[in-house]
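Some structures are shown below for you to check.
Next come two complexes built around chain A: one with chain B, the other with chain C.
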Partner chain A sequence: MALFRLQGSRVLAVDLSGDAVKAKNGAMVAYDGKMTFKRLTGGGDGLRGIVTRRITGESMTVMEVRGHGVCWFADRASEVNLVRLTGEKLYVEASNLLCTEATLRTGTTFTGLRGASEGHGLFTTTVEGTGQAALVSDGPAVVLRVSPQFPLQVDPGAYVAHTGNLRQHFQSGVNWRTFAGEASGEAFQIRFEGDGLVYVQPSERTTVGGQV
Partner chain B sequence: MSAAMGGPVVLDPYTLPSDDNVNPYAFSVDLNGEWFLQRGKMVAYYGRIDFHGLGHGPLDRLISVNFHSPLHAADWVVAQGQGKMLLADRAFDINSYDLADGNLTIRSGNLLAFQPGLSLKQSIIPGFLTLIGTGKFVAASNGAVVFVEPPVRVDPQALVGWADCPSPCHHYDHAYLRGVLGGVRMLTGLGGVSGEEHQFEFVGAGQVLLQSSERLMDDIDTGVVPRQPGVPAGQPHSGL
Partner chain C sequence: MAFTQLTSKMVRADVAPGRPLFSQRGAMLAYTGQVTFTPSITGGQGGIGSMIGRRVANEATPLMTVEGSGSVMFGHGGHHAHVIELTGETLHVESDRLLAFEGGLRQGTMFMGSQGGVMGVIRGQVTGQGLFTTTLSGSGAVAVLAHGGVFELPIRPGAAVHVDPQAYVAHRGEVRNRLSAAVGWRELVGRGSGETFQLELTGEGAVYVQASEEKL
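Up next, the complex of A and B:
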């Protein structure tokens, strides 16, 4: 079974003993042992994946790394965050997903307006099953718990991923003052309700909604 | 999350720190009333918080008391309500500081948020803002902030701000660039210049804040000062 561990906060080390992981294409920085790297088309989800990813624009170039030894992954010195999944679903932007165990299934799902406001398109990547996944974020991600009595509002540009049973909807503080040139710059938020965890990065991507 | 694997710390409104850092890059504000923040620096919040642009509205009085550089008011918002709010800025280091009836001048791009007990003014020095009063403010820097006591000379790009110091001035250290050969050296770079000939000098009682890198944060427009003679950076009217 592949073992994920962090080496520093920006490099992921994976111990492999004959099994495989799926990783962002080109994210390997070093390896020790015997490894094979195979480019997977369509995010490694087979023909259906190729078609959905092409249609949805949630493209993900993934390679399968198989072998014996240690493989190190990193992506533009971004912070790496480990997530252990035990049957639940992780929703993450394809660009923030660094590596997943081969036992985890990846797919795409419709996110609605949130995706559009982030400039990521209307779809997001899901990771499902039991095993570990590694996310990258600009700055170490802060993990915030959402519970029924504590809904959470997140700036679309700072959202990285979430797990659990969460409903999300777009919240807008746009009023007549926004159009009178007195925009607050915080007019759009994603509101999460339900039970789950949200990963937020201490940095904001430039988003369409962020300027309003 | 598996604790054995050093899984991440999960935070909720009770475990989020109150007016303190969550990690070096994120700051949690325990909002109960108002805070001023730079546009777009809020990353997430719990509770009921409204964000108001500065301008005409219910917060007119607050703004007129705390805000004295109306020309860049568009870069600031007021967060009003109750809850916990996370602030962050492009994964830069974030620190909070307390002022007790004090003053602090800071590079405009570094200031992130402040409590209404403080009032924000344009500094006479272009590109800098001054906070006066009592309260907490949050600033971002490229790398950790170092406090130094004057007398000190600092690199212009490393300067974040200063508190209570009366004399920020320029200092040139290029004695070796004098004379004919030195002149050639300065103009052509032959023989090399160190790139450190120009510094800012501080003397007097106070504190100087430095960041541990020489990469500047983007400046935020501090607004234009009145075009009057004697006002630095405000060009005198022609014909005077």
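Up next, the complex of A and C:
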């Protein structure tokens, strides 16, 4: 079993004993022991995965790391967050996914307008199964709980990932002020309703929505 | 210990008469006491001969001598600073990553080719380190800069540690390093894993790795 540990807040250490993990291409910073790195064609998941990824543009260059020893991963000094999945589905942007256990399946889903507003395209990556995954965020991410009584609005640029049984809509606060050049910079939000967790980072990506 | 880590990005150094420091020029943030900063024209220790050596080797980062008595705060560019204590061993580090070091350390320049021959030269090119690297030996403290903080990996005899050349910061001790290339057919058809080149470190000592693949 691959064991995920945090080495400080920005480095992920994975103990491997002959098994494999999937990681973002080029994210290895060091390893101790014997490791092999193999790029997974089309991001894994066989031919269907390749075709979906090509069409959706949610291109995730993933490598398979297999071996005995410890492997350290990091991505441009961003903070690493560990997520343990027990059968549920994690929705995450491909660029925020650092590493997943081999037992987890990755796929692609349609997100609609939200994806477009985030500047990521119309699709997002899903991670499913039982095991651990590591996400990266620009600054330490906070986990916000959404319950039926308490829906949550998130800036599309600060959204990292979510799990649970959540419905999401895209809402806009565009009014005459926006067009008069008096915009607050918060014209678009994603509204989450239902029951689940949302990961939010203390930083905003440059998004189409962020400009207005 | 002359260096104290104040925050993850700031280091405080104590200066006393007869115990000068060298630091990257312009890296002083604040100081207390009577401290003078003199640009070191020779770029460190060893007089004119060493200066020419460093100029030729392109390892001549502008340094300044810090003298007097008091304490000085150092930091640079919002990068993480890390203090390494040397007790007799040699630290190999890129000169532009040096934030400050104690005057008691001997500074030198090492030709990459002297470790691993031609592969060492290629290694310098691949990692963007050039053909030379700076060495510091003796006893004292060194503050190095890294993007996103560093962690230390021990190197034990008989077991090699591999490091991404872009994430490599420095190493100390009796360590040999060579560039190992894992070029397979995948790399040739442009489907590489992004981990084609690795630094293989063997021997006894430690390597410092940063949490990022960006150079300073």
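Things to note:
The rule is short, and it goes like this: the second predicted complex is superposed on the first by the 212 of 212 C-alpha atoms of A that agree within 3 Å, B and C clash if a C-alpha of one lies under 4 Å from a C-alpha of the other, contacts with A are read in each partner's own complex, and residues count from 1 in each chain.
To be clear about the criterion, a contact is a pair of C-beta atoms (placed from the backbone, for glycine too) under 8 Å apart; a residue touches a chain by one contact, two chains touch by 3 or more.
All figures in this text were calculated on a predicted structure; none of them were measured in a lab.
With both structures placed on the common chain, the touch criterion links A:Val198 to chain B but leaves chain C unconnected. When the two structures are aligned on the shared chain, A:Asn25 is found in touch with chain C, with no touch to chain B. In the superposed model, B is the one of chain B and chain C that contacts more residues of chain A.
Comparing which residues of chain A touch chain B with which touch chain C, the overlap is empty.
Of all residues in chain A, those touching chain B in their complex are 4-6, 79, 81-84, 132, 138-145, 147, 150-155, 157-158, 173, 177-178, 180-187, 197-198, 200-204, 210.
For chain B in complex with chain A, the touching residues are 1-2, 5-13, 16, 22-23, 25-26, 39-46, 49-57, 74, 77, 79, 86, 88-91, 94. Contact residues of chain A toward chain C in the complex are 7-8, 10-11, 25-33, 35, 37-39, 41, 61, 63, 72, 74-78. Within the complex formed with chain A, the residues of chain C that make contact are 147-149, 151, 153, 159, 161-164, 167, 182, 186, 191-195, 207, 209-214.
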